[in-house]
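Please find one structure pasted underneath; my questions will follow.
Letters A, B, C, D, E and F name the chains as they come in the text, with residue numbers starting at 1 for each one.
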Amino acid sequence: MHIRAINPNTTASMTRTIAEAATRVAAPGTRITATQPDSGPVSIEGHFDEVISAVGVAEEVMASEQSDDPADAYIIACFGDPGLLAARELTRAPVIGIAEAAFHMATLVSTRFSVVTTLARTGIIAEHLLETYGFSHHCRRVRAAEIPVLDLEEDADRALSRLIEECRKARDEDNIGAIVLGCGGMADLTDEISHAIGLPVIEGVTAAVKLSEAVAGLKLGTSKYGDLAFPRPKPFTGKFEHLSHLRNQ
Amino acid sequence: MHIRAINPNTTASMTRTIAEAATRVAAPGTRITATQPDSGPVSIEGHFDEVISAVGVAEEVMASEQSDDPADAYIIACFGDPGLLAARELTRAPVIGIAEAAFHMATLVSTRFSVVTTLARTGIIAEHLLETYGFSHHCRRVRAAEIPVLDLEEDADRALSRLIEECRKARDEDNIGAIVLGCGGMADLTDEISHAIGLPVIEGVTAAVKLSEAVAGLKLGTSKYGDLAFPRPKPFTGKFEHLSHLRNQ
Amino acid sequence: MHIRAINPNTTASMTRTIAEAATRVAAPGTRITATQPDSGPVSIEGHFDEVISAVGVAEEVMASEQSDDPADAYIIACFGDPGLLAARELTRAPVIGIAEAAFHMATLVSTRFSVVTTLARTGIIAEHLLETYGFSHHCRRVRAAEIPVLDLEEDADRALSRLIEECRKARDEDNIGAIVLGCGGMADLTDEISHAIGLPVIEGVTAAVKLSEAVAGLKLGTSKYGDLAFPRPKPFTGKFEHLSHLRNQ
Amino acid sequence: MHIRAINPNTTASMTRTIAEAATRVAAPGTRITATQPDSGPVSIEGHFDEVISAVGVAEEVMASEQSDDPADAYIIACFGDPGLLAARELTRAPVIGIAEAAFHMATLVSTRFSVVTTLARTGIIAEHLLETYGFSHHCRRVRAAEIPVLDLEEDADRALSRLIEECRKARDEDNIGAIVLGCGGMADLTDEISHAIGLPVIEGVTAAVKLSEAVAGLKLGTSKYGDLAFPRPKPFTGKFEHLSHLRNQ
Amino acid sequence: MHIRAINPNTTASMTRTIAEAATRVAAPGTRITATQPDSGPVSIEGHFDEVISAVGVAEEVMASEQSDDPADAYIIACFGDPGLLAARELTRAPVIGIAEAAFHMATLVSTRFSVVTTLARTGIIAEHLLETYGFSHHCRRVRAAEIPVLDLEEDADRALSRLIEECRKARDEDNIGAIVLGCGGMADLTDEISHAIGLPVIEGVTAAVKLSEAVAGLKLGTSKYGDLAFPRPKPFTGKFEHLSHLRNQ
Amino acid sequence: MHIRAINPNTTASMTRTIAEAATRVAAPGTRITATQPDSGPVSIEGHFDEVISAVGVAEEVMASEQSDDPADAYIIACFGDPGLLAARELTRAPVIGIAEAAFHMATLVSTRFSVVTTLARTGIIAEHLLETYGFSHHCRRVRAAEIPVLDLEEDADRALSRLIEECRKARDEDNIGAIVLGCGGMADLTDEISHAIGLPVIEGVTAAVKLSEAVAGLKLGTSKYGDLAFPRPKPFTGKFEHLSHLRNQ
């Protein structure tokens, strides 16, 4: 199957990190492709960044659907799951957000977990998702390592040691069985952190790959019955005019 | 004060309806201006439409902030409150969504209410908002009249009678004290429906005008402490490149 | 419009504080009157005080309704919102409690807030209200400054510095965007505390004035459909005998 | 032990019904006394009635505490549990409301129950209590038989047949294991209804007697640590002046 | 009446402790018998121990039901309430778990409580029960004294002083009115701990005795309508073959 | 990898149905083995059946762990997920219940689903799991087709048509996007029902196979940190004596 990982930010190096992490866990028959929008923020660190990036996510799904090589599943590789329900409207294929993927996996291997994310200001996004998805009482605490997203690449050593430090605190103070890493840019750090901490460490990109394979393996896809049906056709204007005629199943 | 009502869809006639409704309830010292994005869907009837429209909302807030006549408060006049938290990041002024506004008002005049919205597929958006805002157990039921949004203008008589019919059912079956109208395009129907039904009928555009005046009257604005602080400055690419240098307080 | 602020305790000097705070934020066309019951506790610092004060609240609403100058809206100026639903039964006008008012406002300008109240033993009342109203998960923490209510007047300087100290802790430890002051007697301290802390500080008396204007501005009032309808007429005995014939619309 | 059942309304015949029901289930060593306030409504059918009746409840507890024959436990025999926490502040003895008592008992003999109460307008009070106490998801439905409270006495046959009819609907439609009767005035109807319906029928007065014996049998009483400690001493004015010096342990 | 306390573990000395505690609080007409399964773990300190012990609980209920001296009520004397709903299916008598009993009692004498249990790993069981029963928001914190269950007997002095230490922390840090002891093996420590701490201390075995008397005193028993009806008769195989013909009312 | 599907009941033909369904969706590298306990009920239709079956589940996990061919993941193939947390204590491998698996999958392809199970009396088990797992508000309704479990085999045609009828009602009345089949014995009916209904139909056995592959593919297993660590070693007595020495990692 073909899984298309969409990095919602526009930093190509982060797309590569995501693609490599995804590829490492892909099943033999799974082909990973990865992409990022042409248009949007270089990193996603708040509600505004997320709103802009959601457009890119939707457009990447539409582009894939109309291409010669449409994906069998999509991954939204930002921990806020931007545009998740919108993307689901656009395809019969499953669409998996990395935050939901990580939360689902964490509840399968532990009774309580903590999230370690980048910045305090993005922690609220994780909290909102936990509430919406129903996982609030499985999560003890959302912690921030206070690392800007791009520092995960640009100041990688310091970022890793900060993350390990915060994960260690989570392990020792939070009465948990597992840790969820709260950023797509941490996709390559799971092993190192898990090794340092001794707890299961769950990262969303890899989790989403396996959940995508799982859903597709059941021949399930996004329900087209109800609110995730294809969007009602209608005119769009201005820089979104190209959306007017794109959508139909 | 200057309240700027942003119609998140691109249908100018609906903007006028919104502006008129807003103006009707504005306090003597309040000036209403209204706008809609250049770019986006002509109506918002699902998650995808909402994602696209959220960009327009954010851009309209930014445009106002940089203009000679920045608003003292913003209203997001679509019942899904698209882009609400993003818009709040962009200004010190209050930003009020019409769904939240209607829910707040409904809890002040009744102990339980029902929502009557346009289409079943948008009901889920109201449900998600009720959960996120904390109003789920105040709402008995989210009902759909099965009217496409633009029919509120194009087939107005039939739409009104369908709405009254559904509101009557809500009154008689739901054990409620008030009804919330779940679409910005219903802003001019409150009186007629309320008259026909005999219950308080709450509509979000007008509710948001009064809440905007209320917040501003307390000299309160969006907190710039925490996750609603101005966005972290960063490069944006492609058709969003213009966002790279816009944001600062 | 005429807003009647009811101070549920019997301390006239606190009524004046409340009236002044209310007047400061009232819109040009709004006239504030304030009153307190003849009968009841001098301060409200627990469930028992609250029960007694609720009678005074109801009686003040009835007295106003039957006077030559009935109010267009009522404010219950104690942070426990004593007698709120009872008062709503007694009038078609809106009735707003200062706790609910403050919570509503706080959610409009921040995603998370903390409450700073007087005594630990009254904190539970705030917790119960947060649960009943649906705001529990917006509130990080209910904090007590351990100041008896009347010390807000009698030992004002020390009280203010204790409050600022506790609000500073809330700001630095609670991961919040706003602070709610949890006592009607703090109505005149908002500016000083907000100035000292740098966060939006929301106080209920002023919030309730603006919400009252907002509800009235929509021509909405308490729903008389359902459980907030006027009380069923019936005999009362003893010291409440005067209530037997008071109520009808 | 001495259990004092306080009928919060002022209808003496209902007090007798309550006393008889309580006596029927009392343990050999338990003595039941029953009383009602001198002052208050003849029945409790809404928020306003409840607020007034709560004063009577508190005063009856104080009167008992200062008498030669103070009770070892108190029962508040109205299904809204008016004044429950206030009453608890006033004594070291346990104080049990009949709504909470019935809910506790219902969860011990079934996994899901429905409530059958008198009037639709008092159903909201039951709903609020279910939420506050934590029993919401154990209760399938709150049903109203649409019988005014005093009709339970004055039109007893019709009232009973309406109740049985509504309880039968609850049994057949609600997927439940037990029914809670939602009014103190139904205390003598349990056997007849249970016989007619075939389900466990739980009534609060009798439930509260047994819970009072249970708490007292453990030598437990209301915690005087925290918010249920005796009220802080303070002046009361007007018709409540007598409360100024009553309270101390 | 005859209350049969079932110690779900197989340590006879703990059964004696339970029986003595139960007997101490039993009403004059109540006869306590106590037992433990022949088969099962010597202590219950996790999910696995609990699953095995639940079989013993069910078998003890069945044995009693078929004996010449069937009980009028059953107590499951382990704080995880193992097999509670299964046991209820097997009898018309009430069946009370000691965790639920303690939680019910704690909410009758305080507004907030903390649990002090043996090991951190069993704390999650208490958390799950609090959620299932609906008491989560009444409980501030589940604390572990880190005492293995059998140390309550084998190293009793040290265990008691550890418990008192942890209860003192709960009292001073948790803003509570009562403490729940989270292990059946603590049934004899209530007085000492309560004396040392000064708060109401609630222990489940004694609480369950009084609740059993309460339910039975109302002539209530487990509802046989719905999911707690007697098990559908069916073959069992292997070491559970004896269960094939046991069950009928 | 080797996935061991444990049918918690003792009906070998149902084990074969489960094995076949599991095999149909297994990935190329996945080997399915299936088993059922020697001892236990022939079907699971209530709390009592579930308690007994949980022992068999635990024993099957232990047997596998000590065999020459230990599984890499375990599936508990009964919709009540009996013994799930106990089984997790016994192994480092992932253990997946079919109810949780189906719920997880349903939330990935729809925003709301309904459950269609066998008997009304087992519906409560599904409700409890939805609450514990956090999926309550994703599930509109738990429906029972009123088919005894073994009729799925013994009266297969009638059972199928009843299921299709109930699923059709769910589709038409519940405002959902997907249906979850609530019994392991329905594992072979997914395609037929889905074909008849036109909605995504999710069945737990197949869902659990794919989730097992997913967790294992991430090299994750049950956390041995916290409450899912291996059981504390201790003596067991009687017919469970063999458990005394089995457990160590």
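Note that a contact is a pair of C-beta atoms (placed from the backbone, for glycine too) under 8 Å apart; a residue touches a chain by one contact, two chains touch by 3 or more.
The shown structure was predicted, so the numbers you read here are calculated from the model rather than taken from an experiment.
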Chains in simultaneous contact with chain D and chain E: C, F
Minimum number of chain-to-chain touching steps separating chain C from chain F: 2
A-E against A-F, pair bridged by the larger set of C-beta contacts: A-F
Rounded Å distance between chain B and chain D, as computed from the means of their C-alpha atoms: 44
Centre distance in Å when chain A and chain D are each reduced to the mean of their C-alpha atoms: 52
For chain B paired with chain C, centre-to-centre distance based on mean C-alpha positions, whole Å: 28
Sequence positions of chain B contacting 2 or more other chains: 85, 111-112, 120, 123-124, 131, 136-137, 175, 226-228
Category of the chain touch graph - line, ring, star, complete, other: other
Chain pairs in mutual contact under the definition given at the outset: A-B, A-C, A-E, A-F, B-C, B-D, B-F, C-D, C-E, D-E, D-F, E-F
Chain C-facing residues of chain B, complex: 25, 27-29, 85, 94, 96, 100, 104-105, 107-112, 133-138, 171, 175-178, 198-200, 202, 206-207, 209-211, 213-215, 217-218, 220-223, 225-228
Complex contact set, residues of chain B against chain D: 111-112, 137, 175
Contacting residues of chain B [partner chain A, same complex]: 10, 37-43, 45-52, 54-55, 58, 83, 85-86, 88-90, 120-125, 128, 131-132, 148, 226-229, 231-232, 234-241, 243, 247
Chain C-touching residues of chain A, taken from the complex the two chains share: 120, 123-124, 131, 136
